[in-house]
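Order of writing sets the chain letters: A, B, C and D. Residues in each chain are counted from 1.
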Amino acid sequence: MNPRLAAAFVTGLAVPMLAAMAALPRHGSPDQPIHTHVAREYIESGPETGNLVTAILLDYRGMDTFGEVVVIFVGLVAVLVLARHREPALPAASPSPIVAFIVRLVTPFIALFGFHVILSGLEVPGGGLQGAAILGGLVILNGFVFGPQHARSLLPGRLLPWLQGAGPLAFLAAGIVGGIATGFALGYPTHLPLLHEAMLMGVELGIGIGGALIFSRLYLALEDA
Amino acid sequence: MESILFEIVPELRLHLRFDALGVLFSATAGILWLLVLPGPRRGRRYEALLALSFVLTLGVGTAGNLLTLLMFYELLSLAAWPLIIHDETAEALAAGRRYLAYVLTGAAMLLLGLAVVTLAAGDVGFGTRVEVPALGIVLLLAGFSVKAALLPVHGWVPQAHPIAPAPISALLSGLMVATGSFGMIRLIQVMDPPPLAILTGVSALTVVLAGVVATRTDHLKRRLAWSTISQMAYVPLAISVLDREALAGGIVHITHHAFMKGGLFLCAGLLLHHLGIRHVSRMGGAARRMPWTMGAFTLLSLGLIGIPPLSGFVSKWVIGAGMAQAGAWIPLTVLLTGALLAALYLMPIVHTAWFDPPPSEGPQVDPPPPTLIPVLAAAAITIVLGIGAALPGFPLALARAAARGIGG
Amino acid sequence: MTTHWLPALVAIPIAGGVLVPTMSRRWAPAWGFGVLIATLGVALFLTGLLREDTVSYAVGGWPPPYGIELRFDVLSTFAVPIALVAALAVPFATHSNEPVTTPEGVAVILVGTGGMMGFVVAADFFTLFVFLEVLSISAYGMVAMSEERGAGLAAFRYLLMGTVASIVILLSVGLLYTLTGSLNMADVGQRLPDGGLPLHLAIGGLAAGFLLKAAVFPLHVWLPDAHATAPSAVSAILSGLIVKMGIIGLLRTPGLEHLHELLIWVGAASLLAGALFALVQDDLKRMLAYSTVSNIGLVVLGLAVDRTGATVHILNHAIIKASLFLAAGAFIHRAGSRRIEGTGRSMPLTTSAFAVGGIAAIGIPPTGGFTGKWMIVLGALEAGRWGFAVMILLGAVILALCYARFVVVVAFRPSPADREGTSEAPLVMLVPIFVLAALSVGVGIIGGPFAAFVGK
Amino acid sequence: MSPLTPGSVGRFTFTVDSVTIHFASLTVLIGIGVFVFALRGMSGPSGGGTARAAGGGRGGTRGRFLLTALPTLGAVLGVVFAGDLLTLFVFFEILALLGFFLVRQGDGARGAAIRYFWTMLVGGLVLLAGILLRGGGASGPGSVLLLLGFGVKAGMLPVHGWLPAAHSKAPAPASALLSGVMIKTGIYGIFRVLTDPATPEMLHATVFTLGLAGAAYGALRALVQSDAKRLLAWSSVSQVGVILTGIGAGAWEGSLQHVMTHASAKAVLFLAVGAVALRHGTVQLAGLGGLWRTMPVTFALSLFAGLALMGFPLLRASAGKAEIHHALEGVPSAEAVFFLASAGTVAILLKLIAEVFLGPARDPDPATRASEIGGALTALGLIIAALPLLHPALPTDMPYFVATFGAGTVLYLTWRRWGPAWPPVRIPSLPSGWTVPLPAPPGLPALPEARLQRAVERYAREIAPNLALLFVVLLAVVFVLR
């Protein structure tokens, strides 16, 4: 496309958008709809779990989160379909010994931190996806340094197909258990605190582990290609 | 007898009905199909579609409301298309394309007309009369006139008819064109048409011009195709007079014409197959080589011209009597002109075949009985329908009954 | 009324999809087929419930508008063709050597199906968006599965356009939330302001995004490549189901009546342009793809004049177009390449099914294509929009010529010498084709009650 | 039941009354005669050379002729026995078709036959239109068309064009059938129409006028012919005119009588000419002469028939003509034209008999001076010739006969001395698209220049003089009728 035309097009779109922004309820004013309707209800009824963001993500709008986890999963699978028939990549060049040493050193700590972020998401900001990013990053880091073959060896072999779907599967499990306990799918039984806690934990873990594996495999698949 | 089956779209049902008109049409179809069945085998596709189009023709005949009629009508158009291009030559394919373009445009007009009519009157069954806007009727008539090969929209006939295998030409000319006229008859059965001066004009023009062109055409099957255009325009002409007797004539003309033109096309097919003759100018002495075939051809030609007491005369007479009763002098003149033109384009063929010397002598090659019998049967039917026209249960009686049911 | 089968409708295919990668290549198609049949059962069950009342489900027990609501209404009955077409596409693909029936391929199809299910039952704008993403990303993956040259590029292009559409939709959903403070569709509908630029921008943005997803002319440029290069089983899903999601999105958009004038023109343009483009295609699948553009145009036009008709048409067209793509796939499979001249000579059954599908696509009664088209024409006439009724019929005529052309190519041209002795398509291909072809006639025969059901 | 009810399809009705019987008996008698002649005078499947001249046509003529002639007679009977117009029309059309085959059997008759066919076809259509119109209640225009349709068949004046060609080209027995029987069906029709009360009065005058004009015109044209068969054919036009004059003037019985006279006499004359042709291979007057010696019986019969046609008062046959003449009394102008026609008839027949049978023998070849055609023809001729004698009665207008005979003799002698040869009338082959196809449509082909040229020439040579003559005669008639 002609760049000038594109510029004109974008400008033409931007002007009404900016105008619309100007016409929106004033930002931050307490009487605008987003503050008076649903959101107020969330805040007023309070977090049943420790963290309001997590409550919204996993509880009020758990279905959406489920969907997003599925998005990530399907992204991986789509890439796997494409990468399926590529031949394995060459082994990476041998890394610098200093870098290799440091990476070997920090790997367990990073892993520990990742799991911490996953599990602490229930109380403080954080959660499954953030943890997954950290764990996935760890694998990718190893891959960069020691080559994809090594990174691949970090992943669980036979369990991999099960674990990479851990996110959606955890949600489904929670949905079923919650359905049995409360009568609504993805409902959380507040009257059974232990079960409630376990379900949230399971979901966070599922998202975290599944997500981490997905990120890793995405990296590996792209590396292969 | 009526039978209402499914509701295809809201308010419109699949609706079958057996009345005199439909029975006559269906019976004609049945017999004509029997006539075209013998002959060389042409493969699974051909025979399957032949059977399918027969069923669809029966559907047209027994349709009980406008929607059902259009449905079978369109499906028949489409089912006939692979038959037209059966020979798979480039010429045939071109003819098929043209056929489709015409027929589908007609179908679009019909659908639009049906929509207008449905908006105004709901489900239009053939048992009741309804009030609808003139526009709807005009659209429907225009749509049907494509199939009926009225003049500005006749273009598919002279291409498709000659190119199809002979039995298919027979069916096309005998019944396919007739479905258009049949549709028009069904229309005026249920709705009071606006003044039909335009229809009169168009069909009159069609009768005359197509006839003139036929006299100028050397290709035998194409000449017969033009003849079909000219002859079948009698039916809309008869309809446009709005007289019960003329209408009965129009209805019976469908049947009579079907057998005559069907037989003629079969003869043309035999000529092509056994003597390799495609053109009228090559037909010198053909009758000496194939006396039985050309005998039937001659008889059928005379019938088409309307020489009494053959069946073509009966329909012409009944239409003419109705026109005279209604004081429609111009259509009457056109009717007779059409007969004269029919003689002008058919008699030279007959004369050449019987009296001119053949380009090369050869033994008699009349086809074997299974192939010859349909042709002779068509000729026999022409005689019987002509002489026995007044017998109860014969087409004329049915047509009169049908027209009685229609006459407003 | 509430039933747990409603979330199950979404959960079953997704769970199935997540589990496929754990299986061997041999069992994956069977598993996929089983899961989709189960989904079909659920969809049919829910459709049956719909005869009494719409089904609403508050996820997690939070009543709308505070929680997420799933709602099975008339529009959601699209779940039935979704499940059906997807279910038939899987066994159909087992004979192709494309990676559709690898575990990953089946997983993409299953998850994509789950995404569509979520999309059609979502009663919340954000949920709608999320599941739109699920199905879109699956769709990109499905296109990319093809072994055709250029498939990767087509998928990438599709991805670009689809992402633009998604972003626009997301922005608009955000605007709506800002304006109303709610995401629940019914709630948003009630709380919409009377006017103003932001509202119009939000509605326009939603419409534009969904129109892009639906591939309406001139936003269709991604579609022909994507649909034509994808494996045929996938093309059936893409053309039959996924572009319809754009239409369903439009139908869910609040305040669409502001845009009727736009929709009617865009629809008409798409209708004619799609048909004309289809006329000049030399490749069967590209022709079918453009025919989809044309039909989408018809539906968009129908949105403005007769919503029921439009809804009926997307349901029927899903089945029809799927049957056509599957038949095309069978031809290509037997021909071994895209050069399919004369293939139909040795495949009379497939050719017949293709012809039936073509007739249905043109919209000849009593096939399924007729019902919706008829209602839209009637609606246009009733609204006094004469020209558009004429355009619809004109488009049908042009499409008919396209289909006729390919019938000629397939069944009336001589097949090349190197392809003597091909045979009819294998049973596993024939059965899906015939089920769909029969259905595309069947839904037309009961078109009246069907339309009445949809119009409720 | 009146034969003029329109009828309904598929129902054939028949009726019998005196008129029917009259025409039917005439048909049957002439039919017998013609058949006998044909059996003797035409060649069988292995026909000889002489037969070709008389019967014309290709080998096996007789069988073909009989095959055509028998249904022709049946169709004629069908026409006259028809109880309604539809039945009549059915037989009428069949007759037209059979007539084509009759004419077509002649040598070089292709053009004439084709012209005959088209004329009959158009005539038939006009007739059909007339029938339909009458059936539809428009008896005025209907009657006009009926008259026109029947007129074509009868050879009434403006639509007589086919008759001379067809009658002269057909084989002799066919000519006898045509002139003797077939054109009488037209007269039968006109008779029925004019005797019907529903027919407007005005048409009587029209038929009368046309008949009168035809009588004079035909006679004049006949007088200048050099071909015996053409001469007889034109004479038929003239005689039909006489009959129509009678019908128009209301002299119905006389007309019917004259129908009988003309039929039998003309049949004898045609057969006689046929016999001559059989012997001498030509019918050109210039090539014949003095045959009374070799063919005395033929001569006698011809003379007898000629006298009957002239209106020789001692024969009962003249009664019809006399009655027609009486009906004209008081209209001097009509009487004048009628006189002209009568004189013309006398001159024609004198010419025929004199040129063929009298004078020096022109044929020098003794080999062909064989015996006469034989007993069969003689017997037949006697039967036919006897017809006018069936009801002998005393003449009532001897002076008139003498006057006409005298005038006719003068006319004949004048022609003999100074008469110009009339430009030979060529029969155009119609239409040119008959066998030679022109380029196919679309777009009608341009008229080729050669065809245009021919058309102009033909107009100058043939049509213009005819029109001039016709104009003069009509002017005279109009003038005297005023």
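Keep in mind that, in the parts below, contacts are C-beta pairs under 8 Å (C-beta built on N, C-alpha and C of every residue); 3 or more make two chains touch, one makes a residue touch a chain.
This is a predicted model, so every value here is computed, not measured.
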Quiz prompt | Chain pair showing more contacts of the two, A-C and B-D | solution = A-C
Self-check item: Between chain C and chain A, distance of the C-alpha-averaged centres to the nearest whole Å
Solution: 30
Quiz item: Distance from the CA centroid of chain B to that of chain C, rounded to the nearest Å?
Solution: 43
Quiz prompt | chain C and chain D, separation of their C-alpha mean positions in angstrom | solution = 85
Practice problem: Name the graph shape formed by the protein chains and their touching pairs; answer line, ring, star, complete or other. | Solution: line
Quiz prompt | Chain-chain contacts as defined at top | solution = A-C, B-C, B-D
Exercise. In the complex, go through chain C and note every residue touching chain B.
Key: 348, 359, 362, 364-366, 370-371, 374-375, 377-378, 381-382, 389-390, 393-394, 396-397, 400-401, 404-405, 407-408, 411-414, 444-449, 451-452, 455
Self-check item: chain A contact footprint on chain C (complex, rising order)
Solution: 4, 7, 11, 14-15, 17-19, 21-22, 57-62, 65-68, 70, 99, 102-105, 107-108, 111-112, 114-115, 118, 126-127, 130-131, 133-134, 137-138, 140-142, 144-145, 152, 175, 177-183, 191, 196-198, 200-201
Self-check item: Touch list for chain D against partner chain B, complex
Solution: 6, 8-11, 86, 89-90, 93-94, 97, 104, 110, 114, 117-118, 121-122, 125-126, 128-129, 132-133, 135-138, 431, 433-442, 444-445
Quiz prompt | Of chain A, residues touching chain C in the complex | solution = 16-17, 19-21, 23-25, 32-39, 41-42, 59-64, 67-68, 70-71, 73-75, 77-82, 84-85, 161-162, 164-165, 168-169, 172, 175, 178-179, 182-188
Self-check item: Residues of chain B defined as touching chain C within the complex
Solution: 6-14, 44-45, 67, 70-71, 74-75, 78, 81-82, 85, 88, 93, 96-97, 100-101, 104-105, 107-109, 111-112, 115-116, 118-119
